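Below, each structure is written out as structure tokens.
In the two complexes that follow, chain A is the common piece, with chain B as its partner first and chain C second.
This part shows the complex of A and B:
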């Protein structure tokens, strides 16, 4: 079971409470979208799931996040291992200034894989899984920076997948992309959920509606509503959710 | 409150539904009056005006499609839009039923009715009352009234039963009137269907208000 179970999670940045006592189980091999107005804590919640918030000074996490029934905030947790198993894709594609091939191979190499044949196989397979192989197969040694924004984002997803994570966290992965690249990422997400649990933070409600199975609505650090995407977008239970998704505030 | 454009468009669509409902109601009353007095000119007016009801439906549908494509409504907004689309389709079909009754008047040509109409106008009156109240319930988002209107369909069904039995006994007694007797059966059936479509509208109102799709009163026919 690789469900993520969030238990009484609170997050403070100094004196400011960003997340308030959130408890929620995240379903395995489903796409869960987190929506909410700017500043509601959705990215912070995502970053808690692979302990990225620790990089922010003065951040204090309370509560637990269980991954394989083990609290990732327990003192004996290997943070690098957590971030390997729970990968992250960011708003702005951030390929390394290296070749396309090296970007995908990077994680494997730093994790100690030396077998060149194996690396080559994994690079090819992940690029293929991300729908990028046909577009880049003739220029694997060219710089990744030359790729389009959408291709760079898919490369970053391939880079995350190469080290075999179980959970993929996506923080506004399409906000800088055009519709065609956005649809490609969404199609990729659909494919990814066969093997991985995907959690995506998005400002774009149509994207949450189109591309997720489950949606959570966060407002001022509280998880107001969480449930099947179809229900949430046709008949939400909470008035706050209704007002937000209908564009009445936010 | 946000989404001013969307709200304004939805208000305009509601007005269109009220207007389409009134057009259908006029067609319904006029068609039965035309049948009752075999007033061919009045019946022809119903047939001609049905095109306007059809056109109104296409206009409403077009506006709904535009709003779906450009405003991407969700939750209550989406249910409202779907309700408008569905109600407009039901109204358009009710217009067709009224047209059917008017055509029955025309089909009588110079032959008289086989009997003075009693229950058919009563059915029409009841259906018209249900129709206008359903439109009001839609505007008021009144699911309780909508459910109550659905229950009233039983009265129309009972009148249809009565009409059916009566016409059957007339036709058994005098087989030479079977053709005109059957015409009147069709007219009664059209009215029964109009009341059924009012219950469809009411089910949409319940869906709009509660989000639950349910069949409220299953007609006997």
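This part shows the complex of A and C:
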């Protein structure tokens, strides 16, 4: 029920075609990694799943994405609801210039939660789930900007989790982080897949191999290969995939 | 030569030199205003000149300058005061005619309520036809007494009689609207009750006028005799004297405290004598209130316009035309806005308000004439482009990633705008406000036809409901400078006041801006963007 089905999805930025006729089902409560060379459309594909591409002028989407068997591009869909259910973590940590507490509470307040006690419970719980609570519990009211890069990124994950999405999209969440912060986030992802479906776009093939259950290889806007991570990395079906993961191009 | 140009150092010198010239000009301007403006409160020594035609003059030396086309000869400009007797405040003396020049220790400067300063020597208090000598120290209680009487008179004239007039006017208008309205059974009753009230008020008014007449009569009882430079005696009612002092005997300390007192008087009191004496408090007050009302109007207007241009329209012909028009609005001569304010705000809107809500007081206009509200609105219109441009800059400097984060959490466009974009753009908005305030505080031309007056009888803020009277005319520092410097009956004596008022105008703008700048810096610290 929970899974996402992408049907014949194409994306154009003006006259430039970015995604070509992609169809794929994404499995529930698994980590799906999307890999591919720069400019192949990985991030664009991810941003299609919660309709963030609409913020880019001149973007045209064709095809369907079914979430709970309902097309999220149907005219009667409430886009804010889609984005609440399908949360997103961005490449560069982008905490709001507010306090740590307010960052996590932002989504709750937007969605109309007024009960202060409930908000503070959820904030604490989400921060705990992200392993951040012990590090910041003394300074919940100080600015989130003062946190380190890795902490900021985990705060952004906590912020996305606070409104209880079903799917979490991660757009190269570790590309600006050092190895130990990256490790913490990967650990967190492992924990998250117990409850959420995680889709991660990554540049880093080791990360995809390490952390994901399923991998899709995207090249020039086309989904070349999709399958269990182990199989894809050890025994790719396509020549292009093999070339890419063995480092012959990209 | 070519080599030197290639190194680039001439350009550094050129740009550095230009900066230096600009700085020098600014410092020169401020220094000139400060020197000229801050001098007037200092108690200058009184000089006595004995001339070769056996006449004697005393007064403050205002200036010594060479006589044009005469080698090695100088002339002195002496402020001799006593305008009521000599006709002029100043007198030129050719230095070659001066026999003896000294500063008599007993010479006094007497500040009067009318006719400006008097210079002379105190002979004594007049009793019938005899003169009883009196010392300067003994004058103090007399002055204190007369000051109390003066305060009492002012209180009755402004507050008590003002209150009666205010109530009478209300009753008159009520009566008028009863007459014009439909007649009903209790109309006559109401009219009688109002007439009764009016009669009581009139009786109160006559009482007050009687008190005033008695008070005024009492002010003429005590008189002092002053000996002028030429030996003539002048009698002067004590009531006329504001302050009497002997600058030639004052210590530096006494002079300094005198200076501070005078300066405080200048910024806290009302003007006297057609604005050439006294303080400028109503002008400071009017300027500040006008600027504040203007900011309250222009900020939402400018911010909403900028939000629309930046967030809600795409880059099309329409938005480009709007943007160009808004920017061009900044270049329109300010008097054009004044004319627009007169035609649109005062005649059209103000006249309309009068017809609907104040019809009983017509043909006397209430809102249909210049007032602080219309002046502020005109100024808001004038400064809207500044706020729009600054806000647009502020909004465009908000990182896209923050907006995306907000959208990604399911926020709508408005929620993102309200909770993320606008708070982040606040420093930019405040910059716009600072520029707008500076412009509005300094602009005079549009005010002259939308509500500024030479002398406003009452402040736009007082104790009568609804406390803030937006329809009232007001005084403004910029206009005050123009009025005192070029329209006053005694330009020469008032000239130092022009500089001082200018200085106060600069300080007022500075103070208003400083508040906004401090607020902006605090916010900037709060919203330091993530620099990863």
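Structural remarks
Methods note: the second predicted complex is superposed on the first by the 250 of 250 C-alpha atoms of A that agree within 3 Å, B and C clash if a C-alpha of one lies under 4 Å from a C-alpha of the other, contacts with A are read in each partner's own complex, and residues count from 1 in each chain.
Basically, a contact is a pair of C-beta atoms (placed from the backbone, for glycine too) under 8 Å apart; a residue touches a chain by one contact, two chains touch by 3 or more.
Being a predicted model, the structure only gives us computed values, none of them experimental.
On the superposed chain A, the positions of chain B and chain C stay apart, so the two partners fit side by side. Once the two structures are overlaid, the count of chain A residues touched is higher for C than for its counterpart among chain B and chain C.
Legend: residue contacts after superposition of the two complexes on their common chain; A:55 is shown touching chain C, with no touch to chain B. Applying the stated contact rule after C-alpha superposition, one finds that A:234 touches chain B and leaves chain C untouched. Within the superposed three-chain model, A:88 lies in touch with chain C and out of touch with chain B [touch as defined at top]. Of the two partner chains placed by the overlay, only chain B lies in contact with A:246; chain C stays clear of it. When both complexes are overlaid on chain A, the residue A:209 reaches chain B alone and has no touch with chain C.
In the superposition on chain A, A:176 contacts chain C only, with no contact to chain B.
Contacts of A:44 after superposition: neither chain B nor chain C is touched. Nowhere in the superposition do the C-alpha atoms of chain B and chain C come closer than 28 Å. Residue overlap on chain A between the chain B contacts of one complex and the chain C contacts of the other is empty. Chain A contributes residues 205-206, 209, 233-236, 241-242, 245-249 to its touches with chain B in the complex.
By the touch criterion stated above, chain C contacts chain A in their complex at residues 314, 399, 401-412, 415, 419-420, 424, 526-530, 532. Within the complex formed with chain C, the residues of chain A that make contact are 50, 52, 55, 57, 80-84, 87-88, 90, 92-97, 106-107, 110-111, 143, 145, 149, 152, 156, 159-160, 163, 176.
Contacts from chain B toward chain A in the complex involve residues 1-3, 6, 72-79, 211-212.
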